[in-house]
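I have a structure I would like to understand better, so I am pasting it below and will then ask my questions one at a time.
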Amino acid sequence: MRTYVLRRLLGAIPLLFGASLLIFLVFALTPGDFIDGNINLTPQRAAELKALYGLDRPLWARYLGWLSQLLHGDLGFSLQHQIPVSTLLGQYLWSSFLLALVSLLLYWTLSLAVGVLAAVRPYSWFDRVVTLLVFAAMSFPVFFLCLLLIKWFAVDLGWLPVGGMISIGSNATGWDYALDVARHMVLPVLTLVMLQAGGLTRYVRASMLDALAMDCVRTARAKGLPERVVILRHALRNALLPLIALLGFELPGLFAGAIVTEKIFNWPGVGHIHIDTLAARDYPVLMSFTLLLAVLTIVGNLLADVLSALADPRIRLR
Amino acid sequence: MPTHSPFLRRLLAAAVAAGVLAASAQADVIAATNPSAIPAQAKARKDTIVGAISAPQGIFNPYLFSNGWDENVTEVIFGRLVGLDAQGKLRAEQAESWQVSKDGLQYTLKLRKGLKFSDGSPFTADDVAFTLTFLHDPAYDGGTDISLAKIKGGDAYKAGKASSVEGIKVLNPQTIQITVTEPGATTLQLIGGPVLSRAWYGRGYQPGKLDDLRQYSSKPLGAGPYIYDKFVPGQEVRFHANPYYFAGKPAVPNFIYRITSDATKLQLFQTGETDLEGFSINADNIEQLKALGFANLNIYNSSDYSLIEFNHNKPALKDVRVRQALTYALDRKKLVDVVYQGYGSVATLPLSPVSWAYDTKGVNPYNFDPAKAAALLDQAGWKLGSDGIREKGGQKLVVTLLATKSLFNDALIPIAKENFKRVGVELRPEVSDFNALLAKRKAGNFDLATFRTSGLNDPHDGVARFRSTENEVGYKNAQVDKLINAGNGTLDIGKRKAIYHQLYQVLANDAPLILLANRKLLYVNSSRIGNYQPDVFNGIFGSLPKLKIQY
Amino acid sequence: MSVLSLRLPWRRRQAELASLASAGRTPWQQALARLWRNRPAMLALLFLALMVVACVAGPWLLPWDLETTDALAANHAPGATHWLGTDFLGRDILTRLLHAGRISLAVGLVSVVLSVVLGYVLGALAGYAGGWLDGAIMRLADLLMTIPSLPLLIILGALLSELQVAPEQRIYLVMLMLSLLGWTNLARIIRGQVQSLRSRDFMLATEVLGLPLWRRLLVHLLPNTIPTLIVVATTGVAGAILNESYLSYLGLGVVPPTPSWGNMMDTANSFVDFQRRPWLWMPPGLAIFATVIAINVLGDGLRDALDPRLQARGAR
Amino acid sequence: MSQPLIEFDRLSVQFATEQGVARAVQDVSFAIQAGESVAVVGESGCGKSVTALSLMGLLPPAPACRLGGEVRLDAANLLALPPAAWRPLRGRDIAMVFQEPMSALNPVLSVGEQLMEPLLTHRQLSPAAAWQQAIALLQQVGIARPEAIAASYPHQLSGGMLQRVMLAIAISCQPRLLIADEPTTALDVTIQAQILDLLRRLQQASGMALLLITHDLGIVAEMADRVVVMYAGRVVETGSVRDIFRHPQHPYTQGLLASRPVPGRRLARLAAIPGQVPSPLALPDHCAFAERCPHARPACLHRQPVLQATSPTQQAACLLLSTEEAA
C-alpha cells in the first residue's frame, strides 16, 4: 500500500508537468490578452504595455519563465489586481472553501439518507416525489433557485440577509463574527445543497438498488439480522464503493468556487475571481489557479483510488 | 390588430416623457411617494450612507487601478484638481484657478490655499509635479496615458535621457506650470487629475521601480471628501469623513461602498441594505422602484454611445454607399424602444445629448428607410440574386457581426438580421466574450463589430477613434483628421462647438460606423438621503460631499 | 418497525419466471420484447417521439415566423393569439419553443450518448483489464480533468469562427469536444464498479468460457452498470441543454436569433421576468423537465429489459 | 404422529409482474418432522425455492407477491406474523444455505464478521465470545486454519470453503430446521461430496431437521428421508425415498428418475422428458404436465388432478391413477 501511494505520487510529477504545459498552452492560445481588453488604449501605448508585461516574448520563454517561478514557489503577480497571486487567492479561496465544505457535508448526508430511503422503497410515493423534485431542480437554471430563495427568505420574510458574507459595516469578531457569517451562509448553502444533492441522490439510489439486489443481502436477512443492520451494514457498505470515485471529484470542487451562486449571493468567493480574471485575461492568476485545481484533481483521484482499495478488499492495489 | 396592452400604454407614456427630457442635462427626478416606507434596517443607520459598487479589486491608486470600480473608490479618496460640471465643462476643485497661454502650450494651475491631505500634511505644487513625473516613469503600466498631454521633455524622461520632465515647473508651493508641445482640449483634464502625496507615495519610490509605490495601493492617502478605512474583499469598502477636505468636512461621518450584483441589487435596496444604487433602465425596473415608495429615481443621459463598426479594409465596406445603405436599413428606433423602453434614443452624433457640443442641425439622422437602402445598394452595383441575397461579381453580400452576449445584443441581432435580410444582405452574427471580440477585431477578421464606448468626458473622446492615426479598422479621411485636430487644439468652447458641428456633418455623410443608441441611466437613492444629485460626468461623486441623512 | 423495514426485493426467481415465458429467442429479442411490454417505458418513448415530431413539424404548422420581431406585441401573456405568449421582441413563444426543441433535444441526446459511450467503454476497459491499460487510461483521464474548460471553449470558439464553420453546426462540434473531454468522471465511476464486478462469479465464468472481450464488456458488464449510466444520462441531458446557453456567451452555443431551450430561459433571468412573466421561462423549463423524466423512465425500462435480474420494481 | 416441526398447508404464492400474474406455488401441503430430512425435487422454476423462501419470510411484500394458505412452525401460522416477529425466528429456529456461496457472502465484510453477526444478534454474546465461538464453528465445519480464514474476505476463498463458512453461519445458533437450497450445485463434484458429508454429519450431531432443495436425484437418494416432487408450482408426488425411487407413481417422477445423470456427467438435466415447463404466467386449468406426458389421455386436458394416497407413505397427483382405480 505504502509503495503504491509512493509510486502514484511519483507518477504525479510528470503528470503535473504535462498539466502545466497543457494549461499554459491553453491560455497562451486563448484569443486576447490583458492589454487587448482595454479599448481606451492607443496602439502605441498598448505596445508599450505589452513589452512591460513580457506579453511579446516567445511562447517557450514565457512557459519556462512561469515554470521556474513555480518551482521557486512563486505563483506570480496578478496583472489586474497588482498583488501576488497567492495573496489574491488567499483573500477569496477560503470563503469559497467554507461555503463548499459546509454544503458538501450537508448534501452528502442528505443524499445518502434520501437515496437510501428511496432505494429501500423503490417506486413508493416517497421515491416518486424525490425523483420529481430532483429532476425539477435539474431542469431549471441555478439563478431561478437563488432568486426564489432570496424572495422568500430575505425579502418577504426578512429572516435572512439578501447577500454578502458579513453585515454592512460590521466589525464583529469572535463568536459574533461566526454567527454573522453563518446567517449569511444559510441561503447560498441551501442553494448549493439543493443543486448538488439532486444528482448525488440519484447515484446513491441507483447504487443502493444494486446493492439491495445482491445475494448477500438476502443472506443477511436469512440470518435474522435486524433490517437496520441489513440496510446499513450489508447493503450500504456495498453501495458506497462506487460512490468513492465521486467523493474524489469533490476535492477540486471545494476550492473552485461556485460561480453563479457566489455571484448572486455576493459571496466573496473565488468563483467571481475566476470569471473576472478570465474576462480580463489575467493569465498569471488564471494559470496558477487552474494549476492549483489540477493538483487537487490529481490528489483527489489518488485519494479516491486509495480509499476504494481500503474499503473494498477485492480491489488489490497493483 | 389587437388592442393596446397596458404595458404598451405605459411604454408610450414613458417614451413621451423621455422625449421631453431628452435635452435636459440635469437628472429627471421621480420623487419618493411614501418616505415612511424606508426599511427599518436603513433607518437604523444614523451616521452611515451605503452606496453600491460592482467589483472593486483593491487597487486604490488613481493611476494604477485596472478597473473602473477601483476608480470610483479613488475618486472618493483623492478628489481632483480640475473636475467637470453636469454639462461636462471644467470646474475648479482642488485647483482654485488655471490659465492657458494663447497658443495653448502653457498651463498654469493655482492650488487652493491651505490644502491638506487627509493626514493633515500639506498638499503643494510639488506633489502635483511628483504625480505628473511619476506618470512618465518608463515602468509605469497604469491606465493613464500621459503622453496624450504631450508635456515637453516627457519622452526624453521616459527614455532615460533626462532626470526630470522639462515641461513641469513648480513656480511656488501653490502654483505649477506645465509646458506642452501640442495644444489639446483634454490636456487640462489629464494634468488636473488626482494628486499623489510625495511624502507618502514617494518615500521609497525610485524611478523605474514601481514595487514600493504599489504597496500603497492598499493604503491610499488623498485629499478627497472621505478617508479610506478598510477594504473587505468581495464585500465592501469603508470610509470616514475627511476633516481636511477643501470644501469642509462632509456632514455624514461614514460612507460605505457595498458590493452588489445585477441579480439582487433591487432586493438589497428594497431591504434597506443600500441607500444609493444604479439600475439598468427599463419600464420594469422603474415600475418596481416606484412601487417601493421610498425611492427617489434620478434619470439622466449617459455619456456613452453604442455603435456598429465597419471594417474599412473590406472591399464591400470601402464603398460609402454600402455603409450608408446598411445604416438606413437598420430600424434603430425599434431597437431602442425594445431595449430601453422609452429611456434611450437613437444616436445621431458620437456624443451624449447632454454635452455642450450636441447639435444635430444639418446632420443626416439616417431615419429607417429600407427603400433608400435598397436603392443605394443597387447604385453600388449589388444586385439581388435569386436567393434574395445581393451579389456583385459573383460575391454574395454576406456580412459577419462580432458581438458579445448581452441583453442589448439579444435584441440587436434579431432586428438587424431581419432588417438586413429585407434589403438583400445576409447577416452572420458571431458571439464571443469581449476580450476575444477585440482580439478578432484587431486581427481584422470581421465585417461589422458592435460594442459600446466607455464614458466620454469631452467631445474629443467621442471622435478620437476616427483619427487615422488612432483608427484600428482602416478608416481614413483627411478632412476628418484635420477637424479632429482643430477641435482638440483649442480650449475655446464656442470655436470648438463650431468645429465639431462641421465634423459631425462630414462624419454623417461618410458613415464610418452605424451609431446605435444613447441610453439613459437610472440612479436611485433612498429618500432618507438628501442633496443627492448624480450626473453623467461625476456619477454619485459629484454630490457625495454634500449628502445628508434626513430620516 | 422502523421505516427502513422491508422484505427482500424478489428478483432472481421472478426473473427466471419471466425468462421462461419468453424462452426460445435470442437475448436481444427477449430484451426488446420485455421493453415492449414495459408500459411506462413505452409511454416515455412515445412522449419523446411526439416531442420530436412536434419540434420538427410544429413550427411549420404555426402561423408565426421564428425571426420576425414585433415591438408592439412584446411580452404578451398567453392568450388566444399567442397560445404561450410572446417574448421581449414580440416573437411567439410556442413557435420558438418547438423550434428550440430541435436543437436542444439534439444537443442533449448527442452529448449524452457520446460521453456515456466513451465513459463506459474506457472506464470498463480500465477497470476490467487493469494493469498498464488501466494506468494509461486513468492517467489520461487525470490529465484531461486538469484542462480548464472555459478558456478551451474560448479557443475553440475563435478557431471555429476562423475556419468559418457555420454557427448552427458549431454546437455539435462543441458537444463532440466536450464529450471527448467529459468522459473522465463517468469512466472513473464505471471503472470502480467494474473492479468490484470483475471478481463476482458470473464474470469469472465468462473468463473461463473464453468469451471475447467485447462480449464480456457489452453483454455481461453493461447491464450491471446501467443504473449508473441512467443517472449520468438523465443528469447529462438536463445539464447539456441548460449549459448550451452558457456556451453562447463564448460564441459556441446557438447564435441568436435561433432559439434553444437554454437561451430562452436565459433571457428571462431577471427577477421581474421571473416573478411576473412565467410564460417566458416555464415552457422551456417544463420541456426540459419532461424530457429528463421521459429519458429516466425509458432508461429504467431499458435496464429492466437488459437485465431482468436487477428488476427493482418491488411495489410497482 | 407427533406435532410436526413445519407444516405447509395449502400454500400458494403469486407474483404480480408486468406481464401478468405468475402463479409460482399452488396448493402445496406437506410437513417436516423434527430431525427429519425432506428433499424437494423439481426442475428450475417449479416453485421449490419459492416454497422454501416463504418459510423464511423472504418473499417480497404484499402488492408484488401474494400468499395464500398457511405455513406453520410448531403449529403457529408464520404467514400471519408481522415482519418484526418473524425476524428473530430466522437464523435462530430456521437457517438457510444458498446455492452460490460466492455471492451469498458479503464481499466487503470479513468471514469472521459475518459469522459473528447471528451470534451477536440471536445469542447476545459479547464480541469476544462471539469471535471465540466463530472460530469454533469454523473448526466444526472442517476448516483447518480457522483464525486465518475468519480474518479473510470471501473473494480470497474457494467455493467449497465458502460453502463451509455458510454452513457454519447456518448452524451457529443451532437451528431446528436447516434449509439448503441447491447447496452443492455451484461446486465441483469432489467438493460436493465433502459438503454433503459435512451436512449429514452436522445434522446427525445436532438433530436438526433438513429441507433440501435440489434437482439432483443422486443427492436426494443420499440425504433424504422423504421426497416431495414438485412440478409447475404443485406437489405432484410425495413419499419416502424408498417409495419414490422404487416405484414412482407419477409420470413426471418416472421421467425424472429416467433422466438421472450418469455418474461423472453433470447437468444432463431432463433430456428424457420432451417439451418445456409451462410458463407460470400461463398455467393451464388442467394437469400442467399433460402436454409432456407420454401417457396423457383426453381427460388430462380437462381436469386438475389432486394428491391421493397410493400407499400409506406415498401420495401422487395424477388422473391416470384415479381413473385406473375407478375402473
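Residue numbering begins at 1 within each chain, and the chains themselves are lettered A, B, C and D in the order written.
We adopt the following convention: a residue touches a chain if its C-beta (ideal position, glycine included) is under 8 Å from a C-beta of that chain, and two chains touch if they have at least 3 such contacts.
Which protein is which chain? UniProt says A, C = ABC transporter permease; B = ABC transporter substrate-binding protein; D = ABC transporter ATP-binding protein.
Not measured: the values here are computed from a predicted model.
Note: the chain lying farthest from chain A (ABC transporter permease) is D, by mean C-alpha position.
Averaging the CA coordinates per chain and comparing them to the mean over all protein CA atoms picks out A as nearest. Mean C-alpha position of chain A (ABC transporter permease) lies 53 Å from that of chain D. Separating the CA-averaged centres of chain C (ABC transporter permease) and chain D is a span of 45 Å.
Averaged C-alpha coordinates put the centre of chain A (ABC transporter permease) at 38 Å from the centre of chain B. In chain C (ABC transporter permease), the residues that reach two or more other chains under the touch definition are 1, 5-9, 154, 158, 196, 199, 269, 271, 313-316. Residue positions of chain A (ABC transporter permease) touching 2 or more other chains: 30-31, 143, 147, 151, 215, 218, 221, 227, 241, 278, 312, 314. Touching two or more other chains at once are residues 58, 83, 100, 103, 107, 155 of chain D.
Residues of chain B touching chain A (ABC transporter permease) in their complex: 45, 48, 50, 55, 57-59, 64, 66-67, 139, 141, 143, 145, 147-148, 214, 217-218, 232-236, 238, 254, 256, 258-261, 263-264, 267-268, 270-271, 273, 432-436, 438-440, 442, 451, 453-454, 470, 472. For chain C (ABC transporter permease) in complex with chain B, the residues that touch the partner chain are 67-69, 71-76, 81, 88-89, 91, 154, 157-158, 161-162, 167, 248-251, 253, 255-257, 267, 269-273, 276.
Taken together, the chain C (ABC transporter permease) residues at the contact with chain A (ABC transporter permease) in this complex read 1-9, 11-12, 130-131, 134, 138-139, 141-143, 145-148, 150-152, 154-155, 158, 185, 188-189, 191-193, 195-196, 198-199, 224, 227-228, 230-231, 234-235, 238-239, 242, 265-266, 269, 271, 274-275, 281, 285-286, 288-289, 292-293, 296, 309-310, 312-316. Taken in their complex, chain A (ABC transporter permease) has these residues touching chain C (ABC transporter permease): 11, 15, 18-19, 22-23, 26-27, 29-31, 117, 120-124, 131-132, 135-136, 138-141, 143-144, 147-148, 151, 198-199, 202-203, 206-207, 209-210, 212-213, 215, 217-218, 221, 227-228, 231, 241-242, 244-246, 248-249, 278, 286, 290, 293-294, 297-298, 301, 304, 308, 312, 314-315, 318.
Residue ranges on chain B touching chain C (ABC transporter permease), taken from their complex, read 2, 5, 7-8, 263-264, 266-267, 284-285, 288, 334, 337-338, 404-405, 407, 409-411, 413-415, 417-418, 428-433, 436, 439-440, 445.
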